[in-house]
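You will see two complexes here that share chain A, one where it goes with chain B and one where it goes with chain C.
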Partner chain A sequence: MIDFKGVHKTYPGAEPLHVLKGIDLHIDEGELVSIMGASGSGKSTMLNIMGILDSYDDGEYHLAGQLIKGQSRMEQSRLRNELIGYIFQRYNLISFKNAMENVALPLYYRGVNMRTRNRMAMEYLERVGLASHWDHLPNQLSGGQQQRVAIARALAMRPKIILADEPTGALDSVTTQEVMNLLKALNSEERLTMVIVTHEASISEQTHRRVRLSDGRITDDERL
Partner chain B sequence: MFGRDFWREIWYTISKQKVRSLLTAFGVFWGTFMLVVVVGAFSGLNHGFMGLMSTMDYETLLMSPKLTTIPYKGMSNSREWTIKYDDLSVIEKRFHRNVRMCGGISMIPGKKRLASVDGKTGFAKIQCVMPSYFLPIPLKMTSGRFINDIDMLQKRRVCVIGANVAARLFGDGIDPCGQQLSVEQFSYTIVGVVKKTNSTVVVIDNEDDLVLLPFTTADAVYKLEGKCDVAYALMDMTSTLDRDEKELTAFVREMHNVSPDDDYAIELVSMQDYVKQWGLVFKGMNILTVVVGAGMLVAGIMGIFNIMLISIRERRQELGIRLSLGSNPHGIVWQVVCESLVLTLSAGFAGLLSGLGVITVMRRMVEYGMNGGGFLGIPQIPFGVTVASLVLMLIGGTLAGFLPASKVVENEVIDLLSKQE
Partner chain C sequence: MREMLSEVFASIRMNRQRSILAGISTAWGMFMLIVLLGVGQGVIRGIGSNYNYMRRNIMRIIPGTTALPFNGRQEGRDIVLDSDDADFIRAQFGTVVSDVLPMVGREMLASRGKNSTVTTMHGVTPGYHDAKYVRVRQGRDINGLDVENNRKVCVISERMASQLLPGESEAVGSYIQIGGIPFQVVGIYRPVRSFILVNDIFVPLSTSVFLWEPSGHYDEIDLFLEGLDTKEKNEEFKQLLFEAMGAWKGFDSADVAALSLEENMDFFLMITGLLGAVSIAIWIIGILALVSGIVGVGNIMFISVKDRTFELGLRRVMGASDASVITLVITEAVITMLIFGYVGILAGIGTMRLVSLGTAGMGTADYNVFGSMDVQLSIVLIANVVLIAGGVIAGLGPALNATRMELTEALNS
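Right, the complex of A and B next:
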């Protein structure tokens, strides 16, 4: 599903920052993988490249069998829309849309009409246990609730893979476990490929495979 | 892409950001409003003045004799000379091909005491005129008639009074025609009331405040000896008008032994030149109003540019989220362009309609007679300006959305999401 071969990434600047120094990584369909590493190790950059949110310089990245390189912005957006659901540390909900409208937004970009997409959005909210909060704006929800809305939104895209960047980074331990249980359930029930970037050992222990990253290189790759 | 949902999404984004949207829209609203009102109101001014003038299909050449400044044919300078009543028919005969008629005007010095039969009194200046006076001067009869040829021939004791004089002596809404008016020891029958329709054209005094007597009557009563303070010739508008005027004045000088080189001895005013000068002034003012009005609209659109630029920066994260959820970059650009256009055009239309509303009210007011002494005509709805401002808003609104949005979607999505520049 995800295939990195010698991927390099340098951020240009007065002092160019060589963030990824030749990453080789293969992730199969249905895997639940965590990526660990200290801050600045390049783990988020790796996830962003996986999600076609950022570009890379050298090497090859195949997503679902397709080489991701040199696509136009249009083509990139089509791939994102078809394949990937994102969960961000800061939820990234649109502040002036309520929970249901946030979940329905990716369906809008798929051309689903309003009645259908709102019904589908309600189903996904039900799935994350927030159907009763459908008309709340993001700032009327707790952190855990917001993240569950974000998960429902990622699910609404019916993605092949879910990429989560520190999904519990802003949550307390109880809500963290709720969110993790939800993600684990989605992985096992829907056979969704899932990549979670985290720096918490307790999170990575709940995944099937742990990849450790240090200074732009993979230092450890163990099955749990 | 442009289905109901698309517009719903745009309306939703705009209406959820009320303050920002209102601030953005106000500049354009004000710009279009002012453009339409300023240009429309000016067109009223323009039509009022030029409309009255353009009906004049003949030239009026006014001649006022002054002291001579050059000795000529044995006569010293600083000599007083006058054009006489009898001269007028001589000039008419001599230039019968292109002079329709000549006339003279004289003022009786000082204000005279007036009295109505009812015993109301007042003071006014007396002006002696001929029937042709009604032609070049913008006057209308509010009642009765003007002085005619029979008055002149029979030296009738009649007069025409100005509207202000009539109001003072007889009161508003009362027709004084047929009543007697005493001007000191002499009595005249009032035959008409005149009102000035364009206060910019003044020969000697504003007729609204005068008592007008037939020239011949006044000549007999006040012993004018046929002396005209101002003589005028109504001339055909031919291609040789300039030369005809020179010949005519040369003839007048020759009649009274005034040197042909003595420019100061005769003051000439050409009504057509006057109209032309005003025409130029109005043309200049017209250009100025369009430039000022268009400037306001452009400033309004610049405001949209400015606010769209800021709003795009504020919305980098939102746009990044939209891109990460599968909106394509063209969709984002279109969305921002349409937001900008909806704002610009709705504000513009509101400004346009309010402006046209104000113009319509002005039209009504002018039609009901509040026309500022004839200076205001009916303001026109500036169609060309309306269309041009719509085109300007269309182009400006599109660019205001397109430029910043197309720049922002060139970024990597992650750069937008992380909210940093």
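Right, the complex of A and C next:
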């Protein structure tokens, strides 16, 4: 599903920053993988490249069998919309849209009409246990609830993979576990490929495979 | 399209502050434009209307006496002008002279019953009112049929009407005697300036010639000149006129005493220059108002789009194409500015109506300060389009930026 071959990434600047120094990584469909590393190790950059949010310089990246390189911006938008669901540390909900509208947003960009996308959004809110809060604005929801809305939004795209960048970074231990349980359930029940970037050992221990990153290189790749 | 509009309206509704700020600056821009243009035009039309009667370039030819010998004839000959001379000038200078108005004038006694007054009788042809600066306020003016049929009709001043026909309800239609001959009053005029031609009578030229000037000699020929917009052209025309008339009438073309010319060229140039300068000033005021509006709207648009960098980035992550992001921003801006722009237009028009009411009584009967303050709707609409285009252009930069920005950067903003 995800295939990195010798991927390099350098951020240009006065002092160019060589962030990824030849990453080789293969992730199969349905895997639940965590990526760990100190800050600055390149784990977020790697996740951004996986999510077609960022480009890479050398090597090859195949997503669902397709080489991700040189696509037009239009084509990139389409690939993101069709293949990938994103979950961010800071939830990244649109503040002036209620829970249902936030979940429905990616469906709007897929051209689904309003009635259908609102019905689908309600189904996914149901799935994360927040159907009763559909008309709440993000600031009327707790952190854990907001992250569950964000997960529902990621699911609404019916993605092939879910990419989560520190999904529990801003949550307390109880809600962290709720969110992790939800993500694990989605992985096992829907066979969703899932990549979670984290620096918490307690999170990575709940995944099936742990990849450690240090200074732009993979230092460890173990099955749990 | 409907989907996008509902997305746009949701965004406007949910971002009240941003929308209202952008809207207010649009409304304010349109409001100021209308008020400034309106007041400016009002002043120009008002002040300008006081000099409208001077807007035509007039030259009066008054016959004189030769001061130089010519072709063996001695100086001191009287030059006379008659209808042949009027025809000659028409034929010779048709391109420059738009109208030739021969006149006779004479002091006479006008009376009705026991009331009488000394007056100046002018024999005139239609069109004379522009040369003499009078306006008929009641009844009608001297017309072509009056001249053709030697009618004994007259147009008298308001003061004469009150002196000769005091207390008569219908002055127009009644008869007065001029030099003992009955004339019907067909019109009553008011001089454009209250201090000239206050006690005069106008009658058809043919009638006055028939009754009082059987020689057919005119006292004056007035010319309306077109296209002489500089002193040089005016001097050149005078030179040509003297050469042609000298050859035709038999006097030295350098003999300035043969014909005396009265001109209003200096004043004419001053007035046209003044009115031209003021209308340029109006345009400058309007353009400045528009520019300040564009700056205000552009500023708000610039800030509000920059403010949305994160939201627009997130939309892109959710699969929005560049085009759909830009369309969203621009449509939102245009709709906001259209709605508020018309609010500003209505407020501006309303204000100008009130100002017009307040200034209606200003000035005197002789001197206007404010004219109509209505601003042409077409100018307002063009200005509104320009204003909105300004806002769109101001918003386009940051919107394009938002789509070009790395997504990771946009999400961190």
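Note that the second predicted complex is superposed on the first by the 224 of 224 C-alpha atoms of A that agree within 3 Å, B and C clash if a C-alpha of one lies under 4 Å from a C-alpha of the other, contacts with A are read in each partner's own complex, and residues count from 1 in each chain.
By our rule, contacts are C-beta pairs under 8 Å (C-beta built on N, C-alpha and C of every residue); 3 or more make two chains touch, one makes a residue touch a chain.
Note that this is a predicted model, so its numbers are computed, not measured.
Overlap between chain B and chain C is detected when the two structures are superposed via chain A.
Residue contacts after overlaying the shared chain place A:Arg110 against chain B and chain C alike.
In the superposition on chain A, A:Asp54 contacts both chain B and chain C. Legend: residue contacts after superposition of the two complexes on their common chain; A:Tyr11 is shown touching neither chain B nor chain C. Where the contact sets of chain A with chain B and with chain C meet, they give residues 48, 51, 53-54, 73-74, 77-78, 80-82, 86, 88, 92, 94, 96-97, 105-106, 108-110, 113-114, 153, 157.
By the touch criterion given at the top, residues 48, 51, 53-54, 73-74, 77-78, 80-82, 86, 88, 92, 94, 96-97, 101, 105-106, 108-110, 113-114, 153, 157 of chain A touch chain C in their complex. Residue ranges of chain B in contact with chain A, taken from their complex: 5, 8-9, 12-13, 16-17, 317-318, 320-331, 409-410, 412-415, 417. Residues 48, 51-55, 73-74, 77-78, 80-82, 86, 88, 92-97, 105-106, 108-110, 113-114, 153, 157 of chain A are the ones that touch chain B when the two sit in their complex. Across the interface of their complex, chain A is touched by residues 3, 6-7, 10-11, 14-15, 310-311, 314-322, 324, 403, 406-408, 411 of chain C.
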